[in-house]
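Listed next: structures, encoded as structure tokens.
Note that subunit A is present in both complexes that follow, paired respectively with subunit B and with subunit C.
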Partner chain A sequence: MASAVRLAAPAATDQEPGPSPRTSRSIPAWVWALPPVAVLALVFLYPLALVVQESLAPGAYADVFASASFRDALVTTVWLAVASTAGCLVLGFALALVIAFVPFPGGKAVAKFIDVFLSFPSFLITLALLFLYGTVGMANGVWTDVTGDATGPFQFLTTPWGVLLAEITYFTPFVMRPLLAAFSQLETAQLEVASSLGARPLRIIRQVILPEALPALAAGGSLVLVMCLNEFGIVLFTGAKGVTTLPMLVYSKAILESDYAAACVVAVVNVALSVGLYVLYRGVSRRAGA
Partner chain B sequence: MLVHSRTGKWTAWALFALLFVPLFALPLLVIVAASFSTHWSGAFPSGPTTAHYTAAVRGESLQALTTSLVTAVTASLVALTIGTWAALASAAMGKRGRRILDALFMLPVAVPSVVVGLAVLVAFSQPPLLLNGTRWIVILAHTVLVTAFAHQSVSAAIRRLDPMYEQAAASLGARPSYVLLRVKLPLLLPSLNAAAGLCFALSMGELSATMMLYPPDWLPLPVLIFTSTDRGSLFTGSALAVVLMTATLLALLAVSRIRTRASFR
Partner chain C sequence: MNSGIRFDGVSVAYGGTTVLDGLDLTVEPGEVMALLGPSGSGKTTALRAVAGFVRPASGRVFIGGQDVTALPPYRRGIGMVVQQYALFPHLRVDANVAFGLKARKAPKAEIPARVAEALEMTGMAAYARRYPRELSGGQQQRVAIARALAIRPRVLLLDEPLSALDAQLRSGMLAELARLHRELPDVSILYVTHDQVEALTLADRIAVMDKARLQDCGTPQDLYRRPRTEFTASFVGNANLLPVTVGADGVAFAGAELKVPTDGVAAGASATLCVRPHLVGLGEGPNALRGRITEVQWRGSTHRLYVEVGGHRVKADVRELRETPALGTEVTLHFAPEDAVLLGAGVADG
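Our next item is the complex of A and B:
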């Protein structure tokens, strides 16, 4: 970090003669891009290259691919991410529809609340779910109070379903934001015309709103998919030994078992998955103009 | 607009409340409620107390809060400088150069934070740069993670900037450095503030990379929240979580106040 600070410190002073048509005649524009790229290369690209290099240790890939824990983690990560994304899309679409097209007093405040929600870390959701659906939490407490049973029926928190619920809760706002932006640009006259021609709300949603919302849904959905593949805090706080995802496996291999070669292999697989999807997301969102 | 009948409207609103309240409002309320109580064995928490908060502003917890604040402020400032510089440089480049530079600076968003942590750990645990075990490795990882977001929001703001202003200034004979300092940066100030708030919030809540890297003497608040809930002290963890949320919100509020003042210029 010391070097990064040293490299970054001149940034504040050297920035003054920034890029402009006039300097570009004497100094080409790409020269100005060199200092930040050099910093990025030192603190990010070089470490990433070392991870790839370390993963190429003899036998590392074969060992990891052969282990059941890796295959389980891969399957769990992918289905959790796909299911969470699907849940976020459905829920986000429904909630954004009501905020945008069935306006109610306080709707603006709800939209603000969603923005604030985005700035909190994800693990808070898992912490809250412990109080809501944990073994001695609110839901089980109500159940035991009402029925007199010794234990409640909600025991899903340490299973993948608990992670799924937490991920859907945390990532739905990431779908709602682009959707609300897209809805605010929708011509309301279209809805009025469709409605006055006798279309019922469900038909308006299907034939007028949904086609307009598709780019925003695609962009939000692929962003959430990447973030779910990379999610760590929610899984860590769940504390379930039964739920291992790829980021969790990276952590446990590197920190708990000190098996860096294996951790690097899992990391490379995770990066390949996420970056591949992220490239797709950028393509989709550029087409959507988001 | 979509639904015209009275019952239809109320059905939509009821459905909204039914989904929104338990999923989004309740979790935050529950954390606040738990932070003020000592037991939660029934439907509601019991044993009201403020002891968790008196503990949260002392000793280890206070140190974790200052650690998080120092880390977040340092990482945000460095990230903002690098990200803004890269965004300004890429705006001056041709189409191809711009795409390469933007892709490079967006890469940390797509790479899992845990992997960023692992990469930084692998790279800086060996010479020539031995940072493992120092606070700098945590700050470095946070900087890497938030630089991408700073770059993204500043370059979006640069694209929206009207080129007329700088052209007018340049045609009146202003030097490029003068145009940058007196025209471009002041126009970008609101976006820079927003980016700073975003970076700060992200760094305050960062857990994944931090878990891979933190040395014993540089323990940010999210790590402390994890260790106390992992020990079973859920109520202490909630109080710390409320402190974390409040600190983040206060910083965002302060930043948005600066933004409204800056927009008067």
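Our next item is the complex of A and C:
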């Protein structure tokens, strides 16, 4: 901020260096930091502080940690987030490889669509999956039309696997975007020389492309992991009754049971989990040179 | 080792544009063949066809007598060095050099010795544990050469390998490449360059390319002293190309009668006379041409004079002059009859 104040003077006068304008000299640099800090405090830090304060109600943590529903939600949240991230990394890496290195008509359009996809709301993808694989979706409709059965075989959407599928579908582009950027920096000559040296495509992927893509994979994977931990819309829209994640538990405690203290405890745990993973990501990415 | 490369009517097209047109060329086992030409002449495409990175629209490519046209790059047994080095940045120098050996599943016990041998050959043994980013451009190129040689390739493809180096390093690396080839006499080398000095210095033969076609092919001395086409004469050595009319025992140019060998070209025919600038002298002598100086360039040990003779520009490289002549000065140039070559077709202005 201080440098911004100093830089402002020459731009305004476009003259040789000289005394700074009176306003820049008289207002300390930290004053410029006040408005954004105030806004941040008002809209984010204060509510967060209230949540933490509410969670500190006597016995709230003990009660929540002792409840089976919390432990189940924690396990479900973590395994869904980890599995979704793993799925996104594998699928995203494979798709990004094809888009970046296998020339096909419309490849550039597909790469651009990835950017558009990132702006879609998560419930839209879940809605699309409901139309396809829902109890009365297209796949089951075709099945019942063809076989005459009363119900179709696709009943997984309201299970954890349905949530997993929806999260992988929705979050994979978040891994692809940094990967495509990383692949665009990779010298084609490296791949060609590797091939001329006798390396087959799988070895080139494993030993030339993958090491170069690791920082991008780490960045995309961490982002997806944090987003999956906090995902609410997808779980809600699939209507998976047996799937309760931490954000869903916050919702049910606060809205359905009006147990604000418990809701705040779960929320604090959720935030701590996210921040912890973010710190871990920063550490890993610094080591990877990302 | 069964080496040698043969292009048999190889054509390559991208989206309807022909970038290599019916190339017929043979690189003998152990020979260094330079593909010389300007940008877009098709020389790199020819190299990529040998490497397997482009599929010919027609024609066949042979390596060591084997038709490799349909083989993927990893089964062709080639070593390749490119302009931008293309070292693997996450691998140390020794791992870069070992890459090809591991890919070809060389016996594990052999790999360290062969890596050491390749690094020794290129003078990089002391840098084995460094990463590419810790090396200079010249050192990186040496590692790239070591990596290509470690697999003991049948043919070595060099695609503008010295272009990214500064002039002094380039000169040193050129000598290194010549030495390497003396140490590996069985390896055929296809050397793509747009730099005639590199081609003339290193190649046993030079294939001159332009507009997707092979224009000329011969030893460096042949191409330089007896070019067969105007393009070769111009691209290799930047010769004077003078439009002349063939007479009974010489040619007529800008009103002057010049005594040069006509090699049986019929009297009265239009032709092009090729004279190298460094073979044109300043002052009176045989085949005198009179004109005015239009430009003077000092090049250290020489001066290049541009002299307008009868509406045509003639270049002369003369030993450094003590006093630079003024523009517009009338001068006389000359050249020996045996230093001129009569080209049959076309008329071009030098």
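In this text, the second predicted complex is superposed on the first by the 253 of 290 C-alpha atoms of A that agree within 3 Å, B and C clash if a C-alpha of one lies under 4 Å from a C-alpha of the other, contacts with A are read in each partner's own complex, and residues count from 1 in each chain.
One rule holds for everything that comes next: a contact is a pair of C-beta atoms (placed from the backbone, for glycine too) under 8 Å apart; a residue touches a chain by one contact, two chains touch by 3 or more.
Just so it is clear, the structure is predicted and the values come from calculations on it, not from any experiment.
With subunit A as the common reference, subunit B sits beside subunit C without any clash. Contacts of A:152 after superposition on the shared chain: neither subunit B nor subunit C is touched.
By the touch criterion defined above, A:189 lies against subunit C but remains apart from subunit B after alignment on the C-alpha atoms of chain A.
When the shared chain is aligned, subunit B comes close enough to touch A:120, but subunit C does not. Legend: residue contacts after superposition of the two complexes on their common chain; A:51 is shown touching subunit B, with no touch to subunit C.
The superposed three-chain arrangement places the nearest Cα atoms of subunit B and subunit C 6 Å from each other. For the contact definition in use here, the residues of subunit A common to its subunit B contact set and its subunit C contact set are 192, 195.
Interface residues of subunit A, counted against subunit C in their complex, comprise 187, 189-190, 192-200, 203, 207-208, 211-212.
Only residues 51-53, 72-76, 78-82, 84, 86-90, 99-100, 103-104, 144, 147-148, 151, 157 of subunit C touch subunit A when the two sit together in their complex.
Those residues of subunit A lying in contact with subunit B across their complex are 1-5, 8, 11-12, 15-24, 29-30, 32-33, 35-37, 39-40, 43-48, 50-51, 54, 91, 94-95, 97-99, 101-104, 110, 113-114, 116-117, 119-125, 127-132, 136-138, 141-142, 144-145, 168-169, 172-173, 188, 191-192, 195, 201, 204-205, 226, 229-230, 232-233, 236-237, 239, 246-247, 250-251, 254-255, 260, 263-264, 267, 270-271, 274-275, 277-279, 282.
On the side of subunit B, the complex with subunit A involves touching residues 1-4, 8-9, 12-13, 15-16, 19-20, 23-28, 30-31, 33-34, 40-45, 78, 81-86, 88-94, 97, 101, 104-116, 118-124, 129, 131, 134, 136-137, 139-140, 143-144, 147, 166, 170, 175-177, 179-181, 184, 198, 201-202, 204-208, 211-212, 222, 225-226, 229-230, 234, 237-238, 241, 244-245, 248-249, 252.
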